[in-house]
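First chain A sits with chain B, and in the next complex the same chain sits with chain C.
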Partner chain A sequence: MSLFGELQFGFSRAVSDDEDDEFARVEPNLNFKRKIQWLEESTEKIEVDELILADGPISCAFLHVYLLNHLNESEKKLLGLSATNSEFKVFQNDDKTDSELNRMRKNLIYKVDNLNNKSYLVCEVFTNLKSNEFYDWIDQLWERVNFKACTILCSQNQTSYFSSNRQEFPCVKYLSSNKEMATADKCQRLEEPNFLQNLPAAMIQFCVLKKLEFTAFVCYSPSINVDIQSVKETFSGVSGLLKDKNIFKNDDLSKKCLLNVGNLVNSVSGLYM
Partner chain B sequence: MSYDTAITVFSPDGHLFQVEYAQEAVKKGSTAVGVRGKDIVVLGVEKKAVAMLQDDRTVRKICSLDDHVSMAFAGLTADARVLIQKARVECQSYRLTVEDPVTVEYITRYIANLQQKYTQGRGRRPFGLSALIVGFDYDGTSHLYQTDPSGTYHEWKANAIGRSANSVREFLEKNYTEDILNSDAACVKLCIRALLEVVQSGAKNVEIAVARRNRPLEMLKAEEIEVIMAEIEKENEAEAEKKSQKKI
Partner chain C sequence: MGSSISKMKSPTKVYDSSWEIIDRDDPKLFDSGINETEKCALVPDKNADSQHLDKLNYTVMENKFVKLSPDSDWSEYTFVFASVSVGNIGQLAVDLLISSLSNTQKCGYLISNLVQPIAGHNAFVQNSSDISLSCELYENSNLKLVLMQQRSPLLKGKRNQFVQILSDFIKQEKFRESVCLTSSHAYERLDSQLTGVQCRYLASDESNKKNFDQNLNWKILEKRIDHNGNLSTDQDPSLDFFIPGGGISQKFYKSSIENSLNSTVLLVFAHEGNNIPETLQLVNYFNEWKNYLIKPSQWRIPISWKYLFGSTLDSAAQIY
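The block that comes next holds the complex of A and B.
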């Protein structure tokens, strides 16, 4: 649509067969694509018992507060991060004096050995991946790491929850390959017509294809950023369902960290006071 | 037809969704607490973490509307700035016209009327904030009012707005007694204890303002707040010990 006075740029319908031009168009896209940047090259595959994937700010905050915060540097090994090429260059040149909370935003991947006699690969995906990045990301992960089971943590806005029953938010629902898993007070099975999307859905599809066990927890939250109540509710839901198999700790250290996380995320925005 | 995009349209079941959404915006702001005593009114707020290079004097949740009236808000910062500016002008205009200072109820009603107007005008959206307005009238009585985006206002003995306001209000309901009404120190302590329900301990995380009759608004110093917090911690420890001994 052309408005009076608007400058229209000329264009040609001629198709350019110049291969160099095509390559020039593709290359910048690769630079902006987020992928797993491993810190050490290796031909051997890493074996872990379980993958824990946290997708989104609320899930990453949950992992940070109730798991990673309780592990010291010797208990968790940094294997890599999900980043674009330029983000990875910045990370490599970093002086690594970032606080733990700032590191939460860097989409780091840790290996945790010997936690409740199991080994885990912990993936934080604070910044959501784009739709053209999911499957590549999962393939890259599977090329380096073998895991037998997967726990997925994600969050969605409460407006995307459909139910004829009245529901209080935030709330946590789960979806599991284990059909006999009992529901907990604070964590009911995700019912139709609700669905998961984006990276969690891609990971579930991958687990189904590879016949791996999975349990996905989705927190329906009123907030798109980190909201302390939503993180707390996620803990109640997850610990209620996992019970004895729960590796997440809630103590004074967690409470302190939770308040810090809330402050960190909210300090950047001047929109609300 | 979507009923939530136009503020002047009621939904079939009587909702004004934009006003309700504005009330959700209030919950995104940090907590503010007000406690009213006979000779004192206390405002306490959760201090927002300030970026390293930011001047913290420009990040204020408590402000004066006049010598004898002050306000704390929760919600959209820019909306608060505009509303505060209008309220300050009204306070001075009233003084010049009537040659008397505004009563707390008058300025609260002015702010609430403004908020209500913005729920009916076409092309406007509601103000996304709630306010706690405190002060003393010229007859010496203390007041604490609360307004919200719909334009309603009520007087309170103690109240909270912002994030986790419900938990703080529950705490206030359990712990507010008529003795607190008569003691300045008890009012300040209750305000700090209520904030500590949702805020990390430490004077750097809270700001406490105290309004007294015929005196300008006073911000408590960090050292004073630390002393009160230390007292509260001791009392909590003593109570915890009592409970554990009872169990035994």
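The block that comes next holds the complex of A and C.
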């Protein structure tokens, strides 16, 4: 019943009204798709050994604290960027100077050469892409970059984790194409029937299609915002599983940066509150 | 634009962080509108978005079925798939078929940009390292059966394309027949549907219709007034069959008739809720026809149904 007392039809959790679909106009905001702005035009594809994709604020904070913060300007090269909001576009200041806004509302793509004798493409996707953007984003990436393997970092709220075992949160689970991968204390396999969705799942589907190796880490967090504990737990899980392949550092610099992770996150998300 | 920004804060030089993401309509940022040609080095062309979209109508996701054994010959097979429908009954039914029919193995998948992506471990085998995706194919060579399980809904506005891909796949593989398992909103039932068996069929093939009517005593889905309140005329007979909440089943049936495919739609009326009973009704209905299992009690609940209604309550948790 609505407020006016008339009877309203129930709705299904599985389907929207069939009769609307054929004639439905796609909502205007779904017409906007995030475009990756590459800083240099190139006809040749960039080759890297591995793609690191961080989806969501916890993963992006993790990437910043334990990897990007340790790399100086010569070690990481900014290749491209996209808006954190699909309705925004990319411009460049004439005088190429920085401002507070420059640190806001951007998802950055870096190329990192010669880390553990491998080259990496590091992609931040701070705010989750909309459903009509996942595959489009992957298309844009693949058009420009070749990678042979993929590490995916993402997070979900603990309420979406299903298990009959008692579980402490935050916790990290993994899903990998490597069937021989051994579990670690702080990183167990993602048990059935839990699953990944959105961009991480789209990237996994892409890796399966292209027969690329992948490992996806998902942090189940009790917090609806980014919290230090979830970022730390992500590090414990990732480093524990990757072992000697781990490129993420935990030192005094990381600890210092970790304490400021709230500011980092709020600087990006504050305008959308 | 640069001068407007500097009113907010003194800029400091950083190595190359001069790229900004700007909302041109944001009054907080600009006192006046941007002169795009003067200020901005990278301004998307007015037509750039549409060009960009056109270019990406080609997608690396390919939108085609991938067979694990490319040489598999599925001509003369039956193709069964679920329509994402009310109560997810079609999908639950396909889950039951896959887990209950022995020697049913994964044989392919569909990587598509039309379906919401999901990824997890194998939905039917505990502690497996195999990956499950949104749309997967399973084969039972003994029964000459291929099943498609779809674990997530279609993206909005993609039904027509998806039905086209399905129809093309069925034609390409030369399936002898295809069966769509679905459900329909119980609150949309006609008076004649309120009592009795809650399952109905639609069949494009006359011999199947005859079998259903005469041997199995099944009921064909009744004609009805459509959602606009019109009793359809002979202009488009397929509009006679209205499956509210049935997902793509109605479109698929219409497409089958247009493409002369041998297709059957089996549906059960259902409300949202615990839909396991309706699922068992539907698979038993299907089994009456195909006789895949001798006894209905042989249906095996898959592990993917664990936590269908959420995790179990922690008995140690203090709720109050």
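The working rule: the second predicted complex is superposed on the first by the 210 of 273 C-alpha atoms of A that agree within 3 Å, B and C clash if a C-alpha of one lies under 4 Å from a C-alpha of the other, contacts with A are read in each partner's own complex, and residues count from 1 in each chain.
The rule is short, and it goes like this: a residue touches a chain if its C-beta (ideal position, glycine included) is under 8 Å from a C-beta of that chain, and two chains touch if they have at least 3 such contacts.
Predicted, not measured: the structure shown is a model, and the values here were computed from it.
When the two structures are aligned on the shared chain, A:256 is found in touch with chain B, with no touch to chain C. After overlaying the two complexes on the shared chain, residue contacts for A:135 are found with chain C alone; chain B is out of touch. Once the two complexes are overlaid on the shared chain, A:114 sits clear of chain B and of chain C alike. In the superposition on chain A, A:204 makes contact with chain C only, while chain B stays out of contact range.
Counting the residues of chain A that each partner touches, chain B and chain C differ, and the larger count belongs to C. In the superposition on chain A, contact is made by A:223 with chain B only, not with chain C. Common to the chain B and chain C contact sets on chain A is no residue at all. Interface of chain A with chain C (complex): residues 9-10, 12-19, 21-22, 24, 26, 30, 33, 35, 37, 39, 73, 78, 81, 83-85, 87-106, 131-132, 134-136, 138-140, 142-143, 161-164, 166, 175-177, 179, 181, 189-202, 204-206, 208-209, 216.
Note for the complex: chain B touches chain A at residues 24-25, 27-30, 48-51, 59, 61, 73-78, 80, 163-164, 199-200. Put simply, chain C touches chain A in their complex at residues 1-2, 5-6, 8-9, 11-24, 29, 34, 39-44, 49, 52-53, 56, 59-62, 66, 84-88, 109, 111, 113, 116-123, 126-127, 129, 131-134, 151-153, 155-157, 159-160, 185, 187, 227-228, 243-247, 250-251, 271-272, 303-307, 310-312, 314, 316.
Per the touch definition, chain A reaches chain B in the complex via residues 222-223, 228-229, 256, 259-260, 263-264, 266-268, 270-273.
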